[in-house]
Amino acid sequence: MTGKRHARKAIGLVAIASAAVLALSACAGGGATSGPAALSDEPVTLRFTWWGNDVRTANTEAVIAAFEAEHPNITIEPQYADWNGYWDKLATETAANDSPDIIQMDEKYISTYGGRGALLDLNDTGDLLDLSDFSKSSLDLGTAEGALYGIPVGLTTYAVMVNPTVLESAGVTLPDDKSWTWDDLEKAGAAVSAAGAGNVFGVQSWGFEEGGLNNWARQHDDALYNDAGDVVIKADTLTSWWEYMLELSESGVSPAASATTERQNAGLAESFLATNSAGFATGWASQLTALQDASGSPLELLQIPTSADAASDSAYFKPSMYWSVSARTAHPAEAAVFLDYLVNSEEAATLLGTDRGVPANDAIRSYLEPTLPESGKSVVAFLDSLTDVVGEAPPLTPAGGSAIEAIVKRYTEQVLFKQATPAEAAQGFIRDLKAAIAAG
Amino acid sequence: MAGLASDYDMSALGELRTLGQKKIAGGSKEKKENKAAYLFLLPWFLGLSVITGGPMLASLYLSLTKYNLLQPPEFIGLGNFARMLTDERLHNSLGVTFTYVFVSVPIQLAMGLALAVLLNRGLRGLSFYRSVFYLPSLLGSSVAIAVLWKQVFGTNGLMNDFLGLFGIAGHGWISDPATALSTLITLNVWTFGAPMIIFLAGLRQVPAMYLEAAKVDGASRWQTFVKITLPLLSPIIFFNLVLQIIHAFQSFTQAFIISGGNGGPADSTLFYTLYLYNRGFANFDMGYASAMAWFLLVIIGVFTAINFWASKYWVFYDD
Amino acid sequence: MTDTQIRVLGTSDNERTASDLPTPRRSRSRYPRRPSWVRPFLKHLLLLGTGLLMLYPVLWLVVSSLRPTDEIFRNPGLVIGSFEISNYTDGWTTLSHPFSMFLLNSTLVVLGCIVGNLVSCSMAAYAFARLKFSGKKWWFVIMLTTIMLPIHVIIVPQYILFSQLGWVNTFIPLILPKVLATDAFFVFLMVQFIRGIPRELDEAARLDGCGHPRIFAQVILPLMTPALATTAIFTFIWTWNDFFSQLLYLTKPEMYTVPLALRAFMDATSSTSWGPLFAMSVVSLIPIFLIFLFGQRFLIAGISTTGGK
């Protein structure tokens, strides 16, 4: 074996590897577009990606067909995946400078992508995209550092969902959610658990995503992040949150830890609430329809309880998801036209329904409301009833903060399984979240 | 890379010994067959230099950078490796992975071998049984496996029904940190079909003449198995051992699907690759993930080297 | 599916006589200590028992695919009340393309991968097992090293490579690696099998004046049928179930394969259509199950049937 041949081979490998590495760096960097772009008469193809199940796929493809009929020179190529696969694929495509033009975006990721130059500032699209029917507060939900990285598609809020049938058979009256406290929830839950004899529980455990935590923090005059995106939540706030959860679990108001984890992993349709084995559950209001379909019995929405000394305005609206445009799209104008159609057209609204949440567009929401099924109407009514109560939305999840859901879940499990005390969990949570944001 | 190469030195020497010391019946020639060999290896060389080699070296470079997938990588030297030293979740994931490898691989191989011998010949309906025992392997990485496994080890699963017969109160095996890993090990054992198939194919290579001869000599079944079948099957056992260990160290899909992607509950099924994937993709920390990957490569390399070194004491080649 | 199960049973029974002919008589006549039926009976009992236990999740999948979605998790167990075909009809048609298209795409990818692996891996294995060449041990070490690095850190550079070549949304990134023998698992597998083949056989061929290509094609390949069958079956199953690379490289729904289509029934953020998902899972299991039933004939066609040396 000659050393020369070895060397030549090695050089070849290194050359290819460096080409790949160069490609890694070439594809990143700021967006290339500037100023409002003009529409083209030539055929244009846009790639459009979303996550969701078969129902969403069907209604989204119907919207695409309707749009293409109106705009014969624009072809929309759909691309869909399940939640986990969606983010893996989007990250890889973005790394290769090959991301789709129109992207369904989530609050946990919008700063990550937007702040790193992967998303177009939609303020730059001129009058091709009409946002006049959106309230300023809802557009603020998609704005970071002055740039509009996403249009909120639907609005939702964190709420308590209640199964009146379960309450009734336990002899518990529906609490008045205008004034109720966490103690009231615990008492009502205890009564349901007592009547449920181990099969039906009062309150389904939560703490597996950041919504409940955000609310709790706001009630305690605290917040997860400040406007600069630093983690500022106090350990005491977290400790009290987990202490309350642990108390419910230990007193039997909530199911045992292993049952909780099992149902949690199984998804919405198998949750205690969806299987009529819990009186109360916390969650995003937009999930009411899915939960109600699964449980087969009517559910109602209640405001989150507070504590006596809680800060007011703790409730807030969160976008269920956003429409974003890739910063590297070759056709920003056509992308804007498509977004305009998605958010403003009544035809699109009819086809899409509230699958992606109650529309954030005020005009479309009033247009759609009469056509909605009962569960949809009650979500709209609930959101409307909150308009006077909600406070300003919390700062967006900072870049790298998308790991928060996994972190919350992990520490909740540790607390419920008594591997960590609430205080230890609070310390660990802050440490891990800070590290995640620094690393990502 | 140099340190890595020396890890392999032992195995390479072992390889050399077994490959190189063979006497060829037609007279030993030291002549190399380079041209023919490189021709046969041409596709592999092409694949190595473009499809695997390049990306591997790229990931080696990335392990020395801070790379969030969306912005250009930024060189930070050995920073990622330094962070690994103090990363408790990483240490925990190593523990989980080692437990998994050292418990599930031996059981899975033993099951596979036992069933392969049982299903080799001499019984009616063999191909039906083979299919039955192989069927689980087809499902092993299906999206439906999370739900299916819960039917066995969930709160309302088969396992608890069975324990209920003896009045033992069950619990959610998958969702309890104390037992979650065992259910994944069971899942891996459940898919013993893959090694079983390889053993079956290997058993068919054992010349029937040897077995006949042993019978004529009055050897018992067990003696025949130990003295004839096992040695002749040893290259295949060796193959399964090496590859199953490599696979088990990289085990990902089943834990991913069953824990919903995050290795829960409370990190009890956080396999090394699952953690690596979460760092790389969910947390946009691909530089760190690459460093973790190369560390795993060294671990697997050491175990493979040990395997190759040990193989000269028990693996019998006929060539 | 119950129909299929029964049909499958039938086929396998017929097949048995063919595959087990080579060694029919010996096992019973040698050991006359017990009545001749006891041992086989016990074996059957053991095999059936374990088999049933192992198949429970599979049976549950089949049964659940015949239940309405909202009943799946309300009634556990295998007792079936209704016989709901609608999951199959819905699952087949509810996605943007009929499920047959995803089956066809998967089949194309799988076939490409099988041919690629069979040809390229067996060639590489022949070189490693039988030829002397410079740097052999190091190349072997390098080959094994390539399967020691987790795919998740390779996939991004690899994606960039294929994306720059303009091959995203084609089957090339899925098949080409197999054509270029990057699956070291199979190379190593075949090396081990070739080394189990007595060398006298190729020496004899060499004395007859055969070159390496002919020894490879006419002596080694026929003798390693079990290894080739194993490779084909494994490649089939792994590719059929592979999710990650197909997710990344296939973007247009008309290119989607079965694993991608199955996940299109799921949504962690709202609801999953379990009924259609289970039904299509069953549908997608049938081809691999049939391939296996059919393929084992080659798997067990070892050299023992030809008598060895």
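Per-chain residue numbering starts at 1, and chain names A, B and C are given in the order in which the chains are listed.
One rule holds in what follows: a contact is a pair of C-beta atoms (placed from the backbone, for glycine too) under 8 Å apart; a residue touches a chain by one contact, two chains touch by 3 or more.
Source: prediction; values computed, not measured.
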Practice task
May I ask you to sort the chain touch graph into line, ring, star, complete or other?
Solution key: complete
Exercise for the section: Give the chain pair that accounts for the most C-beta pairs in contact. Expected result: B-C
Practice task
Determine the centre-to-centre distance between chain A and chain B, using the mean Cα coordinates as centres, and give it in whole Å.
Solution key: 37
Problem - Separation of mean Cα positions, chain C and chain B [Å, integer] - result: 16
Problem - Distance between the centres, which are taken as Cα means, of chain C and chain A, whole angstrom - result: 38
Problem - Two or more partner chains touched - positions in chain A - result: 20-21, 24, 84, 88, 92, 95, 266
Exercise for the section: Could you check chain C for residues that touch two or more other chains and list them? Expected result: 134, 155-157, 161, 243, 263, 266, 268, 274
Problem - For chain B, residues contacting two or more additional chains - result: 50, 53-56, 58, 62, 69, 147, 260, 281
Handout entry: Residue numbers on chain C that touch chain B, as the complex places them
Key = 8-9, 12-13, 15-16, 19-20, 22-23, 26-28, 30, 40, 43-44, 47, 50-51, 54-58, 60-61, 76, 119-120, 123-124, 126-127, 129-134, 136-158, 161, 176-177, 179-182, 185, 187-189, 192-200, 203, 206-207, 211-212, 216, 226-227, 229-230, 233-234, 237, 241, 243, 259, 262-263, 266, 268, 274, 277-278, 281, 285, 288-289, 292-293, 296-297, 299-305, 307-309
Practice task
Can you check the complex and tell me which residues of chain B touch chain A?
Solution key: 49-50, 53-58, 60-62, 66-73, 146-147, 150, 154-155, 171-172, 174-177, 258-262, 264-267, 278-279, 281-285, 288
Completion exercise
chain A contacts chain C in the complex at 1-2, 5-6, 20-21, 23-24, 27, 47, 51-58, 61, 77-85, 88-89, 92-93, 95-98, 100, 266-270, 275, 287, 290, 293-294, 296, 355
Completion exercise
Residue set of chain A touching chain B in the complex reads 9, 12-14, 16-17, 19-21, 24-25, 28-29, 84, 87-88, 91-92, 94-95, 112-113, 116-118, 256-262, 265-266, 400, 402-403, 406, 409-410, 413-414, 417, 419, 436, 439-440
Fill in the blank from the handout: Given the complex, residues on chain B that touch chain C span 4-5, 8, 11-13, 15-16, 19, 22, 24-26, 31-34, 36-38, 40-44, 46-48, 50-56, 58-59, 62-63, 69, 118-145, 147-149, 151-152, 156-158, 190, 194, 197-198, 200-210, 212, 215, 232, 235-236, 238-239, 242-243, 246, 250, 252-253, 260, 273, 276-277, 280-281, 286, 289-290, 293-294, 296-297, 300-301, 304, 317-319
